[in-house]
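First chain A sits with chain B, and in the next complex the same chain sits with chain C.
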Partner chain A sequence: MVIYLKAGSELRHRLKPDIDYYTRRIKTDAGKTIKEVLIDLGINPALVAFVYTEGKVKSLDFIPSSGQSITLQPPVSGG
Partner chain B sequence: MNNGIAGTSLRINLTIGEIERIESDEEVYRRWHGGRGVIAKILYDEVPRDADPFGPENIFIVNVGIMSGCFIPAGSKVEFGSVSPLTNGHGDSNMGGHLGPMLKFAGYDMIIFTGISPKPVYLYIDNDTIELRDASRYWGMGSLDCEKQLKKDLGEDFEIATIGPAGENGVLFSCITHDFGRQAGRTGQGAVMGSKKLKAIAVRGNRSIGVYDLESLKKQVMEIILRTKTHPNMEPWQKYGTSFFIKWSNDNAVLPAYNFQTTYFNDVGKIDGDQLVEQCLISHKACFGCWMNCGKYTKAVIPGKPIVHLEGPEYETIALCGSNLGMKDINHVAYINWMLDNLGMDTMSGGGVIAFAMECFERGLITEKDLEGHTLRWGSVDDVEHLLDMVARRRGIGEWFAGGSKRASEKIGGGSEKFAMHVKGQEMSGYDGRWSPGMLLSYMTADIGAHHNRSWTITVDIAEGRESVEGRAKIVVYLQHIRPLFDTWCICRLFWGEVDVTPEEIVESLNHITGWGVTVDEALRTSEMIWNLTRCHYIERNRDNGRAFDYPPSRSWEDKIPSGPGKGKGVTRDQIEQMLDEYYAARGWDKNGNPTREVLEDLGLVFAADNLEKLGFLGKPIPGGIPPVRGEKYKPKAF
Partner chain C sequence: MTLSDLEKKRYLRQFTVRGWDQEKLKSAKVLIMGLGGLGSASAFYLTAAGVGKLRLCDGDRVERSDLNRQILYFEESVGKFKVEEAKKRLTSLNPHVEIETVKEFIDSQNADELTGGCDLIVDGLDNIESRFMLNKQSVKMQIPYVYGAVQGWEGIVGLFHPPRTACLACILRQDVQGADIISIPGVLPGTIGILQATEVIKFIMGVEQNLVNRLLIYDSRNLTFDIVETEKNPNCPYCGV
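Take a look at the complex of A and B:
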């Protein structure tokens, strides 16, 4: 299935967007968690504070649906 | 002027009540870029090295920088500075809100307070009308209460900054509060205000600010606005602020718990961002010109206690007054936040000092007798409330803690110095550095004591390997140059640094405002110049090699993390020494941590080199010379 990951700042460099400035189209297996998808992409999940989709915060154990757009939120670098 | 500078500064001699208007010197701003930079230069030039931070010779400065109040997003900051009573060196701290822009709209770039008023006063500014007014009826009021009263007395359209009883009584980590929840928290600026009997600053202004090229600025700003409006990270920021990173810190073993004894808090789910939003949130709150609205206006509801309203708690306060104190209820964290705000104490140092006291109580180093018959148990909001009252009034043993954890540990002894979690007298921020060596180095080498905002490296440490210290020093140096530029230009790092605005774009805005034609490299050199000046100032005041002051408490290397994902991890003393050696080499300083003549002259600080030499603390020449460029950017991380 296809999902869309979006990221800004430090994470964007690691995500390597290909759709627009922030978004990368990802082919992945259904049932995988975001954490597993990140590992497949070579992105250390520890660099992602949480994910955000459809107006809600989710943990990295979240399992996305086909076509879903998910934002990767980096930790605040000094709050 | 058409360069972001309002044109007038004020010199106020509080001893004789004299107010002098002087022309703001554009050349000084061009060289030092305003805010923290101008403050550093004035403090270095004008405060005698043996001046008591609470004495009449200390200078208290308010500077609004160049970009604050101009037609840009988040141009909201105002910078305060003086010789810090907490660290005995250069001290600066800033806040958002609306005070800085309002001061510029009134026509003023800077206020320099000297002397000590014979009686409590507040500064009243209404465009051209400037008065020192009697503050005796406000003296003793809480910060938040005083702001409310002044708004009632003067008008809601005044912007007001206040201190609380803690600042009046000289608690060394006292803060300045504004807009019912924004603080200039660090380095004890509220205590210096209090020492001068200055209770508040109230400002109203309605002038415009001239800029060099308004059309280009507007065009650039609109592009940034439209782009950041749809930035994927903007909506979570707006909804949750910084509170949502507490769980991440816990999962990654950097969240301080029980006075930095460990880095994993089992009850983090009771005090995280979800709980703040579900239980406490009333509305979002924003600073001048910002729609990130990271501020959260909240209430704390605890049975048996009055319902209180506050802004917060944000990440640092949840960490340092939450997990660090063993608090298991977000309402309790919010209540402690409110107490500290109204009493006028920095929630970061406040949390650190309370936690230190709690561990002293746990170890039997202080007793119920010392605490007027009270206990001081982890997780007890009632015990914290009593201790804070003792500290704010400097009553009994509160006198010791009013000096911060460093001075308290010197009084208490019994090995407590090991777990007084400060560097140079200022308490650590809400991150434990034992499994984040770059973060520990950032604390060790920050000019104002342990503070995360100069340099934050946790994701660098995670990405590059948390067991290794190699290569961290150069990155810390770079971050210590780029991040304080926000405090120099008086703009908010959260907006300008977290949603993909580049350093080049920030400098472009600066140039549209000023016409200066600054490059990013020049800005970094200016920041490096400021950094070296504050280092020289610190060494000159404290009369020892710089290295002597750059160590964290020994818990940092003696105690491995005992629980959670970081169990067993920690740096060694050898690694700490290695990081310092690499840091000084990266800076062009000698092994004693003293700036060398070569680097100071390269930065145009010949006078500082001469002064260090006279005192015998000029850095020895480095074989092979200094690095031509100090600091190295870590590619994925701009700030």
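Take a look at the complex of A and C:
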């Protein structure tokens, strides 16, 4: 199945977007968690604070469905 | 709590805002933990708005590299304690606000003392570890916590009021790896700090449309504001049952 991952800030460079500035189209197996998808992509899950999709925050154990768009939120820690 | 004639004149433009309650603001005590870019902006606007009492906590001195974003400090502030410089500027801005200063960083020893007696906590910190400590205090003392953070072109604001709502640890994993050096365009903490101050004012006055159970994620590069819903995590190590 295909999902769409988005990332800004530091994570964008690791995600390597190919659709627009923020978004990458990913082919993955149904049933995989976001954490597993990230590992497959070579992105350390510890670099992702949380993800959100359809207006709701989700953990990295979230299992996306086909066609879903998920935003990866990096740690934002400055002040 | 009554307002003097001088205060009534000062806050005249606010009184006409529907639902505004200046006396509630005056009777509130707000802790601002950290007086960097976020804390400078929120302290400035909370003082201007007439919050009755502010407790400012920060053990740092002003560095020259702070001056691109920490609006309470000027060239002559470099080398001086932030809380002292902040108090000087804020008192000059609004002498009706009572300002208490503490030259300390939050730790497990002083957390109860720093947060005790405050109605709200504003996050002006610059690292994840201290934020989790502040969150722990918010959970323990059941004090609403107005979270804010910035990095790169992005900023986040949230309002946590455990046990009624999620806490910071319900959402952020504790094992995340933050950047060693945090890049911040000077204007960004201003935007986020003012949004935090707005949430404080709304919460004190009982405005229901606030960021409880939601996070506002601002991408200043792409000019987007996303609002995402948060949920309590029943397995949260801080507020879970």
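Following the convention adopted for this analysis, the second predicted complex is superposed on the first by the 78 of 79 C-alpha atoms of A that agree within 3 Å, B and C clash if a C-alpha of one lies under 4 Å from a C-alpha of the other, contacts with A are read in each partner's own complex, and residues count from 1 in each chain.
Criterion: a contact is a pair of C-beta atoms (placed from the backbone, for glycine too) under 8 Å apart; a residue touches a chain by one contact, two chains touch by 3 or more.
Computed from a predicted model, the values in this text were never measured in an experiment.
After overlaying the two complexes on the shared chain, residue contacts for A:6 are found with chain B alone; chain C is out of touch. When the shared chain is aligned, chain B and chain C each come close enough to touch A:78.
In the superposition on chain A, contact of A:49 is made with both chain B and chain C. When the two structures are aligned on the shared chain, A:17 is found in touch with neither chain B nor chain C. On chain A, the surface patch touched by chain B in one complex and by chain C in the other comprises residues 8-10, 22, 44, 46-47, 49-50, 52, 55, 57, 71, 73-79. Interface of chain A with chain C (complex): residues 8-10, 21-22, 44, 46-50, 52, 55-57, 59-60, 71, 73-79. Residues of chain B touching chain A in their complex: 231-233, 235-236, 240, 242, 244-245, 247-249, 251-252, 273-274, 314-316, 429-430, 452-453, 456, 458-459, 462-463, 483, 493-494, 497-500, 635-639.
Those residues of chain C that touch chain A in the complex are listed here as 34, 36-39, 123-128, 131, 148-156, 171-173, 175-179, 182, 184, 189, 215, 217, 219, 221-222, 226-231, 233. Within the complex formed with chain B, the chain A residues making contact are 6-10, 12-14, 22-23, 44, 46-47, 49-50, 52, 55, 57, 71, 73-79.
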